[in-house]
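The next part holds the structures, each set out as structure tokens.
You will see chain A twice below: alongside chain B first, and alongside chain C after that.
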Partner chain A sequence: MLSVEKISAGYGAMTVLHDIDLTVGANEGVAVIGPNGAGKSTLVRALCGLNPVRSGRIVKDGIEIHNQAAHRRAAAGMGVVLENRRLFGELTVKTNLELAEHEGARRPKSAERFTFDGVLDLFPFMKGRLDANVELLSGGEQQMVAIGRALLLQPDLLILDEPSTGLAPKVVKSLVEVIGKIRSEGVSVLLIEQNVALATEAVDRAYVMKLGRVVGEIGPSEWKGALNDSGLAKAYLGG
Partner chain B sequence: MSLGQSQSLPAGSRMPRNLALIAAAAVFVAVWASVPLLASRGTVDLLVFTALYSIAGVGVAFLLGQCGIISLAQSVFYGIGAYATAYGTTALGWHWVPSLFAGMAVAGTVAFLIGWPILRLSGHFLALATLALATIGHVLFLEWDWITGGTLGVGGIARISLFGFVLNTPQRFYYFVWIVAGLVFWLYANLLKSRAGFAMRAMRDAPSAAMVLGVDVHRLKVQVFVMSAVVGSLAGSLFASYVTFVSVDSFGIDRAVSFLLVAVVGGAQTILGSVFGAAFITLAPNLLSKLGDIHALVYAGVLVLAVIFLPQGIGGFLRDRVRGLLNGSGRAGR
Partner chain C sequence: MTTTLFIQSLLAGVTNGCVYGLIGLGLSVIYRGSRVVNAMQGDFSLVAGIIAYLAMERLGAPILIAFLGGMVAGAIVGWIVELLFVRPTRKRGGTEESFLLVTLGGAFAVSAAALLFFGRDSHPVRGLGGNELLDVFDAAIRVHAVWLIVLSLAVVVALRFFYTRTFIGKSIMAASIDADGATTIGINVPLMRSLTFLLGGAVGGVAGVLVSPLITIHYEMGLLLTLKGFTAAIIGTLGNPFGAIVGGLMLGLVEALAIVFVSSGYKDVISMTFLILIMIAIPNGILGHRGRAGG
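Entry: the complex of A and B
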């Protein structure tokens, strides 16, 4: 599905990411965890084409995509929910979704997993709020619109950048459920999170990032109990 | 798609507002139609220029308001239109219609070829690139005198005739040019409400999100730039047909700045703002010239005050007032 091979990226004279390697298999859920400043958001921007990659390769479904513009990667099935949601505030919920639906309609029929109504079923609150400006929604609702919007691109890989930031615990719980439903449709998920509790529930395994490098890999067998693992805590907290 | 639940108001509260709008529109049309009959020739002439500048200006305003692009190159496209009409109707002996469309085609092509590379720039760099384009354009208009007549200009340009009716007075031209302006505004208003318009607003509000959602931001910017050039050329062609003489003085940097002022003073967020902006830059210097030598200083002062106190332009200011009124009455009615 996605294979990231030794990529480096940064801003100006500063290199933020160093030789990142990671893979996401078909229908797999993978987390990238790590403290603030680990380079997680830079990784997301490099993956989706908002930041150029300086060296290394990004391969999706056997095709090198690291030189493609962001909209081409979207067309190749990479759905991204950026940090802080980044909705189009002046536009309504419906328009936000329709914009993505329009772009998603260019994907091959076989890639189509989500319909507009399907997304509304996934997030029932939207049914009554279609004509509301997204800036009037709560943080949790905005996050769901951002996710719904990304799903209408008909991705086979969904990248979520810190989706739990600023959300109430109850909403974070429902996020786990939503990610589960998305995965049950056959979409691979790459979850970038600081909230390890959420990540352990939502996906199968994880990479640990620190200071722009992948410093650890936690396999499926250890991952579920990772929260209580003092060794991981040590690595994660940098102790 | 039948997804939308449009917020339907009770019929009773909706009717009076529609009636009021229809009445307002009727009054507006009546005033618009009677102006040439009542006003002096000089005033009608200024109103013709207001229309011309608002057509060219709405293109610049749309670029600024929807894409955040500062274009100082509109004078080039205005010039291309004017020279296409001048050269077409004199040297080539064409009718004004093909000349006008040829200008639009050339302007659009030039905008595409130049816009494709420069629209990868952003902010000040892009503004400087358009300024360079305006400078180069002005030099070429001067040097390519076999088309443009250089400093001497081109005279004897054919007037517009519609079904044998020649638009040879400001009054006649007034009706024609304002109808064309209305059509251009209507086109832009529809574009704003179309999917491309939403994509533009998405690009402006959250460019990175628009990109990862599959919006080809660069292509969209090039499209808007080409459209702006095409309406700039249209205005230039109409200008040439109206004054029947064009010279390179009309297509300098100062004209490019004027078109940008239409957008800034009028307000880049509203389509009709361009009309107010164009009215300002044509009428204000004229009215102020009565003050004598000091008029340029006063004009500059008024301009600065307008930008400080009306950051959304005249159009944005009026839109907010009207919205306030409608919301107020709407609440009272419910």
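Entry: the complex of A and C
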């Protein structure tokens, strides 16, 4: 599905990411965890093309995509929810979703998993708010619009960057459910999170990043208990 | 003063106001789509006026073709400006101030080029309906001015439709509100910015061909138009194109009344004082802050 091979990236003279390797398989849920400043968001920006990759390769479904323009990566089946959601605040919920739906229509018919109505069924609150400007919604609702927008691109890989930031615990819980439903449709998920509790519930395994490098991998058997494993916490999370 | 004189000045105010509004509309289109305060807006109009004049006087083109040519010329100049000046500045991390300086330099360059190739003289341009006049309660208005008012309003309606109903218009808005978010859903943000300048240039071109028959073309007219259009756009909030036309009409009427009640020599003094007062009293324009706040 996605294979990231030794990529480096940065801003200006500064290199933030060093030789990152990671893979996400079909139907797999993978987390990237690590403290602030680990380079997690830079990794997301490199994956979706907003930051150029300086060396290494990003391969999706056997095709190198790291030299593709950022706006073409949705067509390669990559749906991204950036940190802080990056919605179009002054446009309506409907317009936010429709713009993505239009792009998603360019994907092959076989890739279509979510219709406009399907997204509304996934997030029922939207049905009554379609004509509201997105900026008037709560943080949790905006996060759901952002996820819905990404799903209408008809991705087979969904990348979520810190979706739980600033959300109430109840909303975080519903996020776990939402990610579960998305995965049950056959979409792989790459979840970038500081909230390890959420991540252990939502995905199967994890990479740990620190200071721009992948410093560890936590396999499926260890991952489910990672939260209560003081050894892991010490080794990887600096706790 | 007589009623006729009053009506006459109101008509002049509305006519001029539509011109200021159209220039302001072009400025808003560009600001809203790319966050560039475009000091060349009036020069798009100058170029369009010159092209229309040359097409009619040198090539003998019919007036509608000449006007269309002027509009297309404005659009092309807008597109070139984005490609050659704005885009490289943005790549180097340019701010709103640097865009203003870059386009101000461009405005002087266009003006100088017009002086070089077109000369120092003013050139009269034929208007729609020639020089025919209509009678409105004993006051006279040129048929061309009526067309100018009608076409200005048509441009406003068309732009409103474009931004709220068409996919490209919505994509332009999305790219302007959040460039990264737009990119992730497949919108080609640099292309949207080019289209924004193309559109802003076309609006400037329409303003140019419509105003030229009323004021004659002169190489220095660009910056003057930009300044009036900027005032109109600021009054109506810079990011809100529909505010610009309201702002333009207000400015035009204030000027017209100033001519009647004070003196034509003080026209610009009064309109600029008006701008300063508006900026102090309601810094976000008459339509509130929302137009400009949009990220």
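Here is the rule we use: the second predicted complex is superposed on the first by the 238 of 239 C-alpha atoms of A that agree within 3 Å, B and C clash if a C-alpha of one lies under 4 Å from a C-alpha of the other, contacts with A are read in each partner's own complex, and residues count from 1 in each chain.
Operating definition for what follows: a residue touches a chain if its C-beta (ideal position, glycine included) is under 8 Å from a C-beta of that chain, and two chains touch if they have at least 3 such contacts.
Bear in mind the structure is a predicted one, so any value in this text is a computation, not a measurement.
Once the two complexes are overlaid through chain A, chain B and chain C clash, as defined at the top of the document.
Contacts of A:Asp131 after superposition: chain B is touched, whereas chain C is not reached. In the superposition on chain A, contact is made by A:His71 with both chain B and chain C. In the superposed model, A:Ala111 makes contact with neither chain B nor chain C. When the shared chain is aligned, chain B and chain C each come close enough to touch A:Leu82. Of the two partner chains, both chain B and chain C are touched by A:His102. Shared contact residues of chain A, touching chain B in one structure and chain C in the other: 48-50, 69-71, 73-75, 79-80, 82, 86-91, 95-96, 98-100, 102-103, 106, 149-150, 153. Considering their complex, residues 48-50, 69-75, 79-80, 82, 85-91, 95-96, 98-100, 102-103, 106, 149-150, 153 of chain A touch chain C. Across the interface of their complex, chain A is touched by residues 1, 3-7, 195, 198-199, 201-202, 205-206, 208-218 of chain B. On the chain A side of its complex with chain B, the touching residues are 45, 48-50, 69-71, 73-75, 78-80, 82, 86-91, 94-96, 98-100, 102-104, 106, 116-117, 130-131, 149-150, 153. Residue ranges on chain C touching chain A, taken from their complex, read 167, 170-171, 173-174, 177-178, 180-189, 290, 294-295.
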